[in-house]
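Labels run A, B, C and D following the written order; every chain starts at residue 1.
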Amino acid sequence: MIVVMNHDANEKDIESVIRKLEKSGFQIHLSRGVERTIIGAIGDKTRLGSLALEAMPGVEKVVPILAPFKLASRNFKEQDTVVTVGDIQIGGQAVHVMAGPCAVESREQLMEAAFRVKEAGATVLRGGAFKPRTSPYSFQGLEEKGLEMLAEAREATGLYIVTEVMDSKTLSLVTQYADILQIGARNMQNFFLLRDAATTGKPVLLKRGPSATIEEWLMAAEYIISGGNQQVILCERGIRSFDPYTRNTLDLTAVPVLKYLTHLPVIVDPSHAIGKWRFVPPMARAAVAAGADGLLVEVHPNPSEALCDGPQSLTPENFRILMEEVRQVSKIMNRTMPDVR
Amino acid sequence: MIVVMNHDANEKDIESVIRKLEKSGFQIHLSRGVERTIIGAIGDKTRLGSLALEAMPGVEKVVPILAPFKLASRNFKEQDTVVTVGDIQIGGQAVHVMAGPCAVESREQLMEAAFRVKEAGATVLRGGAFKPRTSPYSFQGLEEKGLEMLAEAREATGLYIVTEVMDSKTLSLVTQYADILQIGARNMQNFFLLRDAATTGKPVLLKRGPSATIEEWLMAAEYIISGGNQQVILCERGIRSFDPYTRNTLDLTAVPVLKYLTHLPVIVDPSHAIGKWRFVPPMARAAVAAGADGLLVEVHPNPSEALCDGPQSLTPENFRILMEEVRQVSKIMNRTMPDVR
Amino acid sequence: MIVVMNHDANEKDIESVIRKLEKSGFQIHLSRGVERTIIGAIGDKTRLGSLALEAMPGVEKVVPILAPFKLASRNFKEQDTVVTVGDIQIGGQAVHVMAGPCAVESREQLMEAAFRVKEAGATVLRGGAFKPRTSPYSFQGLEEKGLEMLAEAREATGLYIVTEVMDSKTLSLVTQYADILQIGARNMQNFFLLRDAATTGKPVLLKRGPSATIEEWLMAAEYIISGGNQQVILCERGIRSFDPYTRNTLDLTAVPVLKYLTHLPVIVDPSHAIGKWRFVPPMARAAVAAGADGLLVEVHPNPSEALCDGPQSLTPENFRILMEEVRQVSKIMNRTMPDVR
Amino acid sequence: MIVVMNHDANEKDIESVIRKLEKSGFQIHLSRGVERTIIGAIGDKTRLGSLALEAMPGVEKVVPILAPFKLASRNFKEQDTVVTVGDIQIGGQAVHVMAGPCAVESREQLMEAAFRVKEAGATVLRGGAFKPRTSPYSFQGLEEKGLEMLAEAREATGLYIVTEVMDSKTLSLVTQYADILQIGARNMQNFFLLRDAATTGKPVLLKRGPSATIEEWLMAAEYIISGGNQQVILCERGIRSFDPYTRNTLDLTAVPVLKYLTHLPVIVDPSHAIGKWRFVPPMARAAVAAGADGLLVEVHPNPSEALCDGPQSLTPENFRILMEEVRQVSKIMNRTMPDVR
């Protein structure tokens, strides 16, 4: 960390900063320029949060040198983390696709979706039983009944289940049914939920908040890892931007950036990011070409009857074509995809 | 709502859309242009969320005509909502200032802050007992002990207490101590928490999410109101933007916009938005000049020793000066401020 | 276009709007709902800009139904526009890569870069002679001397030249040397320059402004096309966003969106968008997988000696590897790439 | 400047960086931490732009310590710059309001606007003769005829004239008529225009680009000042953001931030930022309460007949009321306003 002192900071100001840093166990390097004095501090970065150096007299700004995340960083653990779910491994050699409807709406809808995505090569079934909806008047999910249907679909197809957990109160319920706990974008900084999810021991799929920086996202992962659970999958799902044409702006560059900064697996959800099914297949291809370890894609047997996010859902037939294309891109990337069973 | 059909939509496509809308109780107006056919639908806007029209063949886009919020809108209730907390009324004639430290750190710190902000004219004491922190390594709050100290400070000063509730599990605990429940920016779309907070009957201070549109924010308020609790105070606290100089971009225009769209009281938190104490007083003045019903301001007896957000905290003396300035602006706005007691 | 009237608009207000629209040649459809009256107007969309309907009494908002661009739209011209530069065709079957240094710095630097990118399969040489720089103290380009060197490199290698034109005054000079005129991101809405560039008859590479919506970008293209020049290549180069880790956020979804909305060719510049060379190759692959017609990539013989944007420049060797990867992705996309000569 | 070396940078990498910095005249401070080596460089900040340190092997990132602007900074010149236009002084004791129509449309419209804003207390008349319009089909301004009308209005009313110059070709024409040259938001980084405008010796009103950081904006001012013209007025006019309710997000915090960072006067244009006249008066009050030196406000005798930006234009009567309110706020800020003449 570097503390930049003001143009008119005096000796007393400088000494106070140094004293405070030293008291917190930092080693100091002082450097006096013509226009500014700067103070370098070397020590345990996780202790910086508790110092209010910028509020001290004479301090202009504090510049962190190291990223604030530790357990999530590739410096800390060089080798890729592989998240194991039953007999599949996310973040390993194979690209895995998780697919299914936005919301579980009925037994029929879910079963149809499950069999069709399985046929096309998906290994994980997605489907929301608890749905965070902007409007209190929108369909909010089938809750426990939805979870039961997901379990039934798992039984019938052999697909694993990823489903969203919306808060700590329903966590133990969702944990009984899910193979992967999804923490949604709006909950990325629900810190109690992050900590509680860590204790379940289940893999956690952590979506990026719509206005979260990559650093803040990795700090959210750090909450889970420091809670004892390293089975974290990061999922890019679009950030908030100014162009109204797509729902969000899919930040695909986050994929190689994360691969560089962290050992955690990274997948991409083009459906939510874009909000229009037509543009999902090209961006699914692009995601894998950028290095993603997997995809999360919305598929609905009948998108125009969907109770949630129909406009971004693929038909099973369009999903099948997408999978063929993604399979080709995976090959170029020297990655496998599970055989169509 | 207007449904715009594609350039090459055929008659069957158009009829399907009409049939679906009519089945849902909407009245239809059809309008055929040279380049596009558009279908107007008149009916209960709260039912739109469940239709997936954009996924139907031939549909180009769906354009909502009415705002999706209802109970929160000024059309629904023309008169200003006044939130009553003990003997004060937020959203009424007087401008109210809520002030205090970011986090409750100790009995001494809190008492000192409480007496000083009271002297300067604040009517509500702010202070976090549960703190949502980006880093798991930062100070996370004194929890119940912090709440007890807040209660003690209320006893000693006569100030009311606003403090953050972070999730449903700790809601009943926080409700025992707080006069106003604060729902933080990161929780603005924690829909379970919104619904649960509604049932407490306590006034809720709802902060704007860092990337929430005004419409999404009002939809979050709609969750609380439709849950039976109209005592909602909206608090602008900055939105995420691209300029790194300030922490967030304070969207002061939201104040007159909200005053136009909703009957709920609106206050402004310049401290969190800006992140640098130096710029808090001018923006506090500006907020009241823009029509805000109150302010939420961080004050710490000794900002450079703060465990949280010291750089944005005012000293008690700077807060006193701010209050004098705000008092003058209030006068021009034909508003009162509580007498300094 | 739809005009939504206020809740309390009266008959006179409604009639005034109708009269104004009819006077401008629009056909009217009136639709009275319970809460709002809406007025549909059918007619020539290019005339909407001159009406100030939102300023009329009783008008709540005006909702455009059709996109405001016309000549640039795929509705107007269904077939892909192919831009011909000498013996190459951009927007045709082949993916073309334009590569070279950010700025022309010296004869040696440019020649070295030109031969190396040619060897790897590039068909167009990029290089700035006039450089728009944020700081007045940064290197501003070699100007005419730089243009002469570009011409010499063309002579020597057979590569075509794309170079930036910064304003109308230097347009005729740049036109003498360039095969493709680049209009930079900061000039995307320099409307005089757009119109003047149209008159040269040269192909124009139009970069997206850092905060331009796709619609605004296509309106800028509309300036050029309506000026008589349909040889426009659109170049996505990142939009301004809140995450400081990359310079900008590469909006790759713009590629399939543009392919849907317009007939113009679309290329991607990952170098400027990202600002860090390390992440350029994966995003180059992703761009082609998303459907881009080409790439614009910075290559410098010695990035750490570059006078401009070294950190985002690839070495010739890394560029060669990138080209091999892009070649493979192109094949999957059923596209060719020019043979390495 | 601080150069942070990679985790695995070796001695040779470190030495290369040091050598390059020393060759450029920088003094070096080396600091070796457990996880990183950092290199501090002290010297002339205006020379940093030409070094490509981030492209050197082993370099992780370069952290600037000092702001890159120099002549525009308050460190360089502590005293407020006062821009003199005839007998008025912008940035001095008085708050000045510049008002008038978006575009000059006719002699009658302009004269009516001019007399009405003058009556209400404006000292400068705004009005566009050259109009940058998103659509090539929108009204583009009366050009020289518009300038002549502005001159006539000046003659008749004694108001000074501010009008936009769109490029270098029309600069000498506009300079003949304008008292203040306006450089629009889209041209903030039109560097040729900035330099050329500097040479006219006229005061320049420099609008903030819609996605410009404060630092980039001050660098644009630096172009003008380093070109020999210190008569620069900065004008905040809203930044691009994600909320569609207002056209842009007015960043009022920029006012006190600029007052801290630079000696240049700062004014605010609430009309363009917001796009809806209804919210202009509260934000005009807020701007002055935040410390603005003046305002730029659109006023049209008949907004619903305006050829440009009618929805954001005030009627003369609403402007009169705004001026009364602003006068009151100015008084509190210990500022004067010119007497109504």
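Odds and ends about this structure:
One rule holds in what follows: contacts are C-beta pairs under 8 Å (C-beta built on N, C-alpha and C of every residue); 3 or more make two chains touch, one makes a residue touch a chain.
All values derive from a computational prediction rather than experimental measurement.
Of the two interfaces, C-D and B-C, the higher number of touching C-beta pairs belongs to C-D.
Of all chains, the one whose Cα centroid sits at the greatest distance from that of subunit A is D. If you average the Cα atoms of subunit B and of subunit C, the two centres end up 39 Å apart. The distance from the centre of subunit A to the centre of subunit C, with each centre set as the mean of the Cα atoms, comes to 31 Å. Between subunit C and subunit D, the centres computed from C-alpha atoms are 26 Å apart.
Multi-chain contact residues, meaning those touching two or more other chains, occur in subunit A at positions 211, 240-242, 244.
On the subunit B side of its complex with subunit D, the touching residues are 211, 213-215, 239, 241-246, 249-253, 255-257, 260, 273-274, 278-279, 282-283, 285-291, 325, 328-329, 332.
If you check the complex, the residues on subunit D that touch subunit C are 20, 46-47, 49-50, 52-57, 68, 132-140, 166-170, 186-187, 189-193, 210-211, 216, 219, 222-223, 226-227, 240, 276-277, 303-311, 313. Residues 2, 4, 7, 27, 29, 31, 33-36, 38, 40, 42, 63, 65-66, 75, 240-242, 244 of subunit B are the ones that touch subunit C when the two sit in their complex.
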